[in-house]
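Following: one structure in structure tokens, then a few remarks.
Going by the order they are written in, the chains are A, B, C, D and E; count residues from 1 in each one.
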């Protein structure tokens, strides 16, 4: 479904991605782990067209997308929960959710999805009219995830979804990710510091170091990999 | 080949360009004509046109630039402030400067600027005429004095206020400055109405005058409107249209019948395809006076030209003029005009 | 009392003039946080275009009502075209540059457009025909309020309502609000940010053109410099009301108009602008983000 | 403290002893960050008092209502949940900013650069570098803050806070965005700060492993109310905390 | 194929501009005479002009984009080269000596006019450096800077008129008054953010001008104050010619002092606080920095230079009236700071020379002068958004001494 082939991405003169190659098939949950500054977020931003790669190809469902502007890529069905949440600060919670469904035209279904999201996160329902910028850190994170769910993407990119969430909610989030993947066969590309949990729900995983993919394997194998254990699982 | 060098300085860009550009055109027309007739003293006349945006500090640059270029005389500047700043520099270099539009009285009356001349009446002369007319002819007792806060308009208004104060039986019921360029003047107009003034003396230029007159008439205020040379301009009548009817304005005597004036305006129309703007005739006269004085003096020597300016009359669109000791033009009679059927007609 | 009413209505008209221009100002500011210094010039170009069309058509002896409609239409089209081009040339390449650079670019554009019209047309004031006939029904009140005033008032209200609805309830409006708050996230949600920004400029320019035509016929004359002063005042109005807020722009315009009107009426027009600015300072001291502006304090 | 109708903080009592590490935990939106904001002067609490007792001075001082900069000069420093570094300044300069409150060269000093100012400048740079080295950022010392990896940015915030010479350090989710390995390092860092600098620490954190291993006492808040307090062992088994925060199958 | 596409693009651009400029460039109306003039020639000019310009524009834009990529790749290299140049004492000393020599003999090798405009430019260098403290360092957008300039100018004009005080006596007074006004005006408004502050300062600038315009008893209204004395040289009155040259040297001296002080401030504890305040106010407060006080210092210091600049201005022009202190003046000074490069002293100097000298030299183009000035502003900003000398702040680097 998504094929990333040898991409190099730069911030000014810093080469953040030094030839990343990876692949995600339809219906999978794939996770990307790596230490701080490895280039995980950059990979996601390259896929979305915010920091397009200078060289290399990205194909989504057979369409080359590495030269497309972000909104075109979004309209193909890719949605991201970015690092830092990026809530629209002056829109209310409800309006933020509405923005998630910007590209959708099925009004009735959208309304049903809002209900669904509020069921998932009752906290948000209580704060429906509060503006996004005043939510607490965790509430914002929940809103960011909900907003992406509202977009009903074919491929969902999650950048550290558990950041700043309480233990209870973290587990809940992973359940939700699992469920979205099961129910609507949404393909999921998950970047996570909490590698323990991420590898639990993922089918496959990649390990990234210094702008390069170093290990690619099934989730089960990665959990057992000594190197991974030591460096990323904190065991 | 040696040429006679004449500088033209004034606002040629920015918001006051419309007062400066006509003087450039006047000078160009005069010089062109003179050059066609073989120049003066056997040499061609060359123009040096420099913009001062009506700002004193830029005017000093303009002036030093003209001096560096070796001009023999200058037509300009347009605004009194810029003129004052520039004059010190001309004085030091013994260059004569003749303004078509700087009306501030001290320019000639203070004696500080012996090299300064002008072809326009100073503020006090105009104000005198306006006040006398309002009180004696129009029999107005309550007079509102309005100005545009500019150095021309406010200078005039100050004098008008003082003169009215000295007249028994007349009073200034309103003395206000308006902001030039504002989108409308309804509040001031209401205030005029409220003050029950019988006449309004306005010091300033035609754009504001026409806005005020239009709003006054639309609000059905019938007070007389008396203004100055900056308003005695064809544009005013065209812009204010039917509302211009009956408006008074002071100006140099009877230029409309002066064949030189008619010819100058025709020449402008021919060359630039439009009616000339403000102070065009004054600038025309100034250019002519300067050239003729140089010719009479037989050289561009400062002393000689000065004495020629003060001793010989010259025919200009404004009439036959020469200059008095202080540099004011003698022979520019002032009279009152009134708009009748879309034209300024001399009254009195 | 009559005097008060007259000043009140006078202030209202003046205020709605400011408001009409401030609407475009505030909209553009809202989306890219840029003080579009050249907005006043767009308004001036709208008025000039209308005058040119009127002059040309009048000379063919067309029906005056048709002339007015065509002139208004053409003015709007051209203002939009200028607004669009302006954004493409002077602002778009500066999207990621420091904000002050874009401001200087805007100032440069403002100078350019002023002088462009000055050179291509004239420096003189040109009479602008009064397009709006005197209505019979308000003739008895003509000493208080004229028909042009009424038309300006009504237009301001209508434009504000249309724009508010557009921004609140339509898809493009939603896109505009999202773009203004977080451009990166907006594009991740599938919004074409460049199109939205262009659209905003076009919309702002259209209101400026409507303003230009109405205001010019109210004042009765135009020249190349009218945009600058009106632009500054409109900017003040927009800030007073809370920049970025449409009702704020209108309210700010009114408040400014009234302040000036009453200050002139009851004190002196010598210090009219002084009072206007003092009032602005006073309001901003108590409401640092304008009357209707949202508070910018972000959560820590 | 309340926002509109919402009561974000509802009568919380809390104390930190000298040299203690105390954790504040609670579900999302419980009011933890708001509590920090009240202490550090960003909001003024509508009710209640905050007292500090400086190590040297014997008496308690009330500090609510003070401006944030005054609070800092009294000896409380904090970090932010959403990192707030001076993005375009170098790591060294960021830490030097922390020294601002403990130095006092004025305009005259800047212009004439007399002996005292020069010494002070030198001392600022040296002290700052010392802190940077201690925190383990020496490698990045001349790097622009925005180019640092996330984890390093978090540490830099701590370094900057320490530079103000606080006796109490407030840390808002210092481990967020760090992987388990980095969290471990942070754990040690915080303990070192406490031991070597003699600074008490109050921290908010959702990473239970860190909280349980590091803190001596824990407060739990929910809906702006304190629901529990005690040692990590007590908190772990507190049924109310498990229900509201940890979840059934925790630890 | 590529070429063809390019040509087509340009063709579209040309057509668009023909459409765009049609009413204003082609038709000239004269409602007074009720005539309409058609100038088809202009249409052809616009078409051809924009056709070629659009090539140039696209070429430059693509160059710029490429440039920004490549430049940064090479930045390190370049910086180190530059640094080596800068750190080479010989070169520094050489250029300083050359510059000083040039500045010293300048009035004797060029005309009076050149000296005069150079003095004007130097005044603006001083103003630019002052505003740079406020805008470039502290990040406060001040559109009313001219108010303090006016304060200084009128202080000298009035003190000279009433009490005959000379230039040297009033110079410090002007500076002090500038600072005082800076504090008075700054105090109520400095808690406003960005553009709100801009509009309020703009308002203050206008208020000061309007007061000068209207309060005749105090300021002599719009007709201004004339015959202000030029600075005396040991009590000797100089001719205009000599006074101009003298003024030039005074300005050189004042500029050097300004540069010295601004540099020192920039690299001080307070300078750092300004920069930090621009970056993040909340974090700054958490660092114990008093927001109001720090901002106020910047504002007052900036105003001090404006006050001094005003005194010099009045002495140079020998005449002041309110027309010199319009909002355009503030805008020009702002342009100097931004165009030159915010926060960079050399940038501001370059900016002042360009902005002040350019229109003077553009006089050749007479009426196209301001048009070109506008274009140049836009083009400069589009292609060098960081300013001509983009402000490379002197960052504190740790040179790894041993401890």
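As a working rule, a contact is a pair of C-beta atoms (placed from the backbone, for glycine too) under 8 Å apart; a residue touches a chain by one contact, two chains touch by 3 or more.
Given the structure is predicted, the values throughout are model-derived calculations rather than measurements.
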item: Chain C reached from chain B - shortest hop count over touching chains; value: 1
item: Dominant chain pairing [most C-beta pairs in contact]; value: C-E
item: Chain D-chain E separation of Cα centroids, rounded to whole Å; value: 43
item: For chain C paired with chain E, centre-to-centre distance based on mean C-alpha positions, whole Å; value: 28
item: Chain centre separation in whole Å, for chain E relative to chain B (CA means); value: 34
item: Residue list for chain A, restricted to those that touch at least two other chains; value: 134-135
item: Where chain B touches two or more other chains, by residue; value: 13-14, 149, 177, 235, 238, 274
item: Junction residues of chain E, two or more chains touched; value: 30-32, 214, 282, 367, 370
item: Contact set on chain D toward chain E in their complex; value: 40-42, 67-70, 72-73, 77-78, 80, 84-90, 92-93, 96-98, 100-101, 103, 105-107, 109-111, 113, 117, 120-121, 124-126, 129-130, 141-142, 160-161, 164
item: Interface residues, chain B side, partner chain E - complex; value: 12-14, 49-51, 54-57, 60-61, 64-65, 67-68, 79-82, 84-85, 88-89, 91-93, 104, 106, 112, 149-151, 154-155, 158, 177, 234-235, 238, 273-275
item: In the complex, chain E residues that touch chain C; value: 16, 19-21, 23-25, 27-32, 34, 36, 42, 61, 64, 135, 141, 188-189, 191-193, 195-196, 198-200, 202-204, 206-207, 210-211, 214, 282, 327, 331, 334-335, 338-339, 342, 367-368, 370-371, 373-378, 381-382, 385-387
item: Contact footprint of chain B on chain E as seen in their complex; value: 30-33, 37, 111-114, 116-117, 120, 213-214, 216, 221-224, 226-227, 239-241, 244, 313, 316-321, 323-324, 360, 363, 366-367, 369-370
item: Interfacial residue positions of chain A with respect to chain C in the complex; value: 48-50, 69-71, 74-75, 79-80, 82, 86, 88-91, 95, 98-100, 102-103, 133-135, 147, 151
